[in-house]
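Structures follow.
Look for chain A in each of the two complexes below; its partner is chain B in the first and chain C in the second.
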Partner chain A sequence: MPTQRYGTTSVLEAARARLRWVFDHHETIICSVSGGKDSTALAHLALAEAKRRGRRIGMFFLDEEVVYQSSADQVEYLMTLEPEHTIPMWLQVEFRLTNATSTTEGQLVCWEAGKHKLWMRPKKAWSIQHAPWDRSTETVRDRRKGFGFYDAIENFERCYEGAAFLVGLRAAGESPNRWRAVSKNPVTVDGDRIYWGTQKGSNVALYPLFDWNFHDVWRYIAESGVRYSKIYDMQFRKGYPIHEMRVSSLIHERAFRSICDLPEFEPRTYDRLLKRVKGISLAQEHGKKDQLFRARKLPKNLTSWREYRDHLLRTHQDRERVGIFERRFARQLDNEYVARQQVRQLVLNDYENNLAVDNAEDPRAALVRYYDEVL
Partner chain B sequence: MIGLGLSVEEKADRVADRVRAGGINKVVVFCPSRHPLPLDLDVPTEHVEWEEVIRYVFFYRLLQEIDGQTLVVINECLRTPERSALHYNCLRNYLTRTTHQMVFSRFPCLESPEDFMVLVDLDTRSRWRRNTLDQVGEALQIEARDVAPGLLPIDVTTDAATRDLYRRTKRELIDGIGARDPHTIPRQLHLLGGKHKAATAARLGGLWVGRNARLKVPGLVSYDEAREPRRVLEFCHSFRDWSDYLTSSGATEVPALVSDLNVDRWYLERFQQWSEMQRDAYSAIRNHVGS
Partner chain C sequence: MTAKKKQNASPSKVMVTFPCLQTRMVCRDRLRANNWNPNAVSADKMQLLRQSILDNGWCFPIVVIFDAEADVFVIVDGFHRWTIAQQDWLDLPEVPVVVLDHTIAQRMVATVQFNKARGVHQVDLDAEVIRALIGQGMTDEQIATHLGIDLDTVHRYKQLTGIAELFREAEYSTSWEMVDG
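So, the complex of A and B:
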């Protein structure tokens, strides 16, 4: 299988050298894991270096509750792979997640107190079950949206000073935009200028696999023999194209399509999810269709996207969220092209604006004018 | 090497010659199901369809199985002008496993002359990704046989009612475009002359190709089904469908019914310009490559 090389050095050797540098310059090292292939490869590499040096590293997992059981199993496997060199940091605390599958229940409160009978699975006996940060200084990015995923990560990171957080982000080659985001704020540590990391307060986030591509990760997993999430095998057998193979959260606006195949991949997880979150059955049936969630076709009784958007704003169940959408839409152009994207945000309950709207003139307008002239 | 304008038999001969030259113990052919490339070789041969190129279940197996003694044949895979399309990326990954490849295409471009660089990327594993044809042409090995089909219009006259209907429909389509794709405007207007063209086609007899079989004309099949040279009753809209028809039929002169409605004239000129673009592309390739 192919791998990328820098002259005489492969990206694997380069990543090992980066990890050696991280261990040389940081006392506290915490590796973030998600159960996906990238964080699996990174955690395995970091644990090997920790073992070689006789040190311990933190293994951090922010548990979103509504994930594949295979992802949770994979995280547990990684946290118990080298117990003498691992400090498990499995965080199972309450925070809010966007639920793209329902307009009546726009957010899911993960691990919500009092709903333990509905939780996707019981909490781990050895997980962190109460926020380890000082509640009085807790920060929230947006009070209207509530304490969310990124708030949990940021507050957790602030529990440490001078720590290196390792993240399995891959940026070079596949996504120039992601590479720009990674490298625009380089980190200087002990005089070394590092372009594969970003400063986060007194801590640093480092991306030792930033230049790996898809194949480098799978090659490493195959050659090292480290276990990986079985969901990838199921997606492989199902014939998924490469760019759709994901194992992240099941209900956010970029991942809800995973629910379509969930009954086949993990029937028990699907059963639990049906009881836990509203809108799952609908998403399972319509997640991959052009109407509804993908907002590619107008409903038959409507004649324009603007009409559809206004209808959704009028009838949206969550009036608080409507305010967020209305304020955002007021700053955007009023044409069919933009309106279709706004509909998609409304249907997927994307109040966080993750599915950014291309606020531009309708690119079809010039073509319609041309046809009017020549035909 | 890149082979342009070759027939199926010529392509098969080129592949057989390459295998006979030695150093090849397996052949993998990537091609759309519409453009099969039957090969009779002494070495194992596998055909992989265009849709399967990106499928995981093929991707990793082929990455492991294609090696330095495998000949990769890419046949009629100019399917999209998007140079970074996932299908092309996957093909380039397969090509990193070997140094033996043959790229065949009936036409050098699909929508614009720059499309030829898709074939160059495949033949060179994107080694010249940032360069233009005049910068890399000398390094390429190209066998080109000019194929630029000419269109022979057969005039059809419509009646006043049809022309009036045309004017009204055009206005309705443009004013009520709503969320629809603007390309539906010429597509739908082109259907309006169908009744008159069907009558002419029935009178002339012979084999015809159209958008579908709704006109009940004897000898009429759709573009998907056409595998031999036919007269055009209706034009298709996409260049890929047009290119597919010309490739699988091998047609070089295409008689086409053209009514007096503006949309028919527009389609005729559009495909004439397309043929002109192919001629220019061949000319540019010859200038730069000198083959």
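So, the complex of A and C:
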């Protein structure tokens, strides 16, 4: 079992040392960027090292189309910051995204051919607009869901051999579960055992900022003077807790609440989104309320979560998908705790099971039993 | 203008009436609330509404229909302006109204339209307005009173720095590694 051991240097010095190691051991280095703060700090650090060595690194952005304009602006800024040392890899190709805001349009095909008039933005003149990988050997994780976000990443990565993909994943960040999965599988490069990476075919994904906290990222951004997405300042002015600030996709089941504040942050992006994706208007008005999308409160004409769930199943618009839900729920426990989570899946049209149901006994049942015995 | 053009292919054929030109004053006690309005106005926004009427005068008439059976005017839009006219607030004996000739369904739809067809303020533009007002010589307290926001919010808007500036003096954390243990 690997354990955690503190060093003697700051996370900034450690990250610089890790990047030096990456440059020493890899010819092809590609830094993934999203427009968010973590990948901004990482890209800036990697560019500094590339400049010092007179080398060029790839900068990869998988464009989901349905993102803040500020994110797209941020990516463009990063890709043009050090043109001598950057190979831009802005990927704008068709793939499928989950749409949690609509019960009839469960997926959105971003950059769909023939819909260019509806696209959130025109494609960049210098972006990669056609899949660069061999279509005959293209892989798909899940045929039922179709070619999705991670498929696009994996197929893109397979265009390279022996490359290092730099990713701004942090252990103390938004996805501790992902970090646990990562550190279980260390990689070995030229005899060095690296815990902050994952083997991906002949390539490696590396996470040089894995031990950074959010305040380290902001400190680095402030002191280096690198620009960052305006959305963070708007969220800050609006009083968002610092840990809840996100600039990710606007419509998947975890991020679609960003739509609530979108008219205030980027009115033009919101107007485009209304035309592009179904269900946006309702999500904008009710995304933060306890009823409907968050499923924390029962509608007043219903008395139990099980009743609500059965009502939603009976009246679901998409008879094909309803079978997916019915088969899944049939395997789960029949109690109020589970039923509430099933309701949440139904209102978010989460037929892909992204927000998995905790199939357990109602925690309140144990409490009630306890008091029954005591009293 | 552009929005209108897109909605109506031939704007010349659209008939628009101007009931606002038929505004008249009626005794405030002749008005009644409706029982279908889902809109709720928070206490701080009521205070702002009062302040707005004091600063700008009463600019928008209350929209009503006439209920002949009960011999009262039923409010379609403007319940909170009517509330402001009551004894507890401004104590105005008469209020301006426009009377619509609507069916029950039309009234309910109109209420929702009036409530929802409105804009929101862009966060960064709000901050711009506050900075401009300070430039015009208004104090923080005056801004708080006249815009119906608390001092804390004024200070937040006044912070011209972004979030990164807050962490400029923060200490970097100590690095750590995973080791085989």
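Just so we're on the same page, the second predicted complex is superposed on the first by the 348 of 375 C-alpha atoms of A that agree within 3 Å, B and C clash if a C-alpha of one lies under 4 Å from a C-alpha of the other, contacts with A are read in each partner's own complex, and residues count from 1 in each chain.
Keep this in mind: contacts are C-beta pairs under 8 Å (C-beta built on N, C-alpha and C of every residue); 3 or more make two chains touch, one makes a residue touch a chain.
Treat the numbers as computed from the prediction; the structure is a model and nothing was measured.
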| item | value |
| --- | --- |
| Dominant toucher of chain A (residue count), chain B or chain C | C |
| Contacts of A:Phe265 with chain B and chain C, given as first, second, both or neither | second |
| Which of chain B and chain C A:Tyr371 touches, first, second, both or neither | first |
| Touched partner set for A:Ala14, first chain B, second chain C, both or neither | second |
| Partner chain in contact with A:Trp218 - chain B first, chain C second, else both or neither | both |
| Partner chain in contact with A:Arg237 - chain B first, chain C second, else both or neither | both |
| Which superposed partner A:Asn185 touches (first chain B, second chain C, both, neither) | neither |
| Which of chain B and chain C A:Thr303 touches, first, second, both or neither | first |
| Shared chain A contacts, counted only where both chain B and chain C touch the same residue | 1-2, 215, 218, 235-237, 239, 242, 245 |
| Contacting residues of chain A [partner chain C, same complex] | 1-15, 183, 186, 193, 195-196, 211-213, 215-216, 218-219, 221-223, 228, 230, 232-239, 242, 245, 261, 263-265, 267 |
| Complex interface listing, chain A residues touching chain B | 1-2, 215, 218, 235-237, 239-243, 245, 297-298, 303-305, 336, 340, 364, 367-368, 371-372, 374-375 |
| Touch list for chain C against partner chain A, complex | 119-124, 127, 156-157, 159, 162-168, 170-181 |
| For the chain B and chain A complex, residues of the former touching the latter | 54-57, 59-60, 63-64, 86, 90, 93, 96-97, 170, 174, 176-179, 181-183, 185-186, 189, 262-263, 266 |
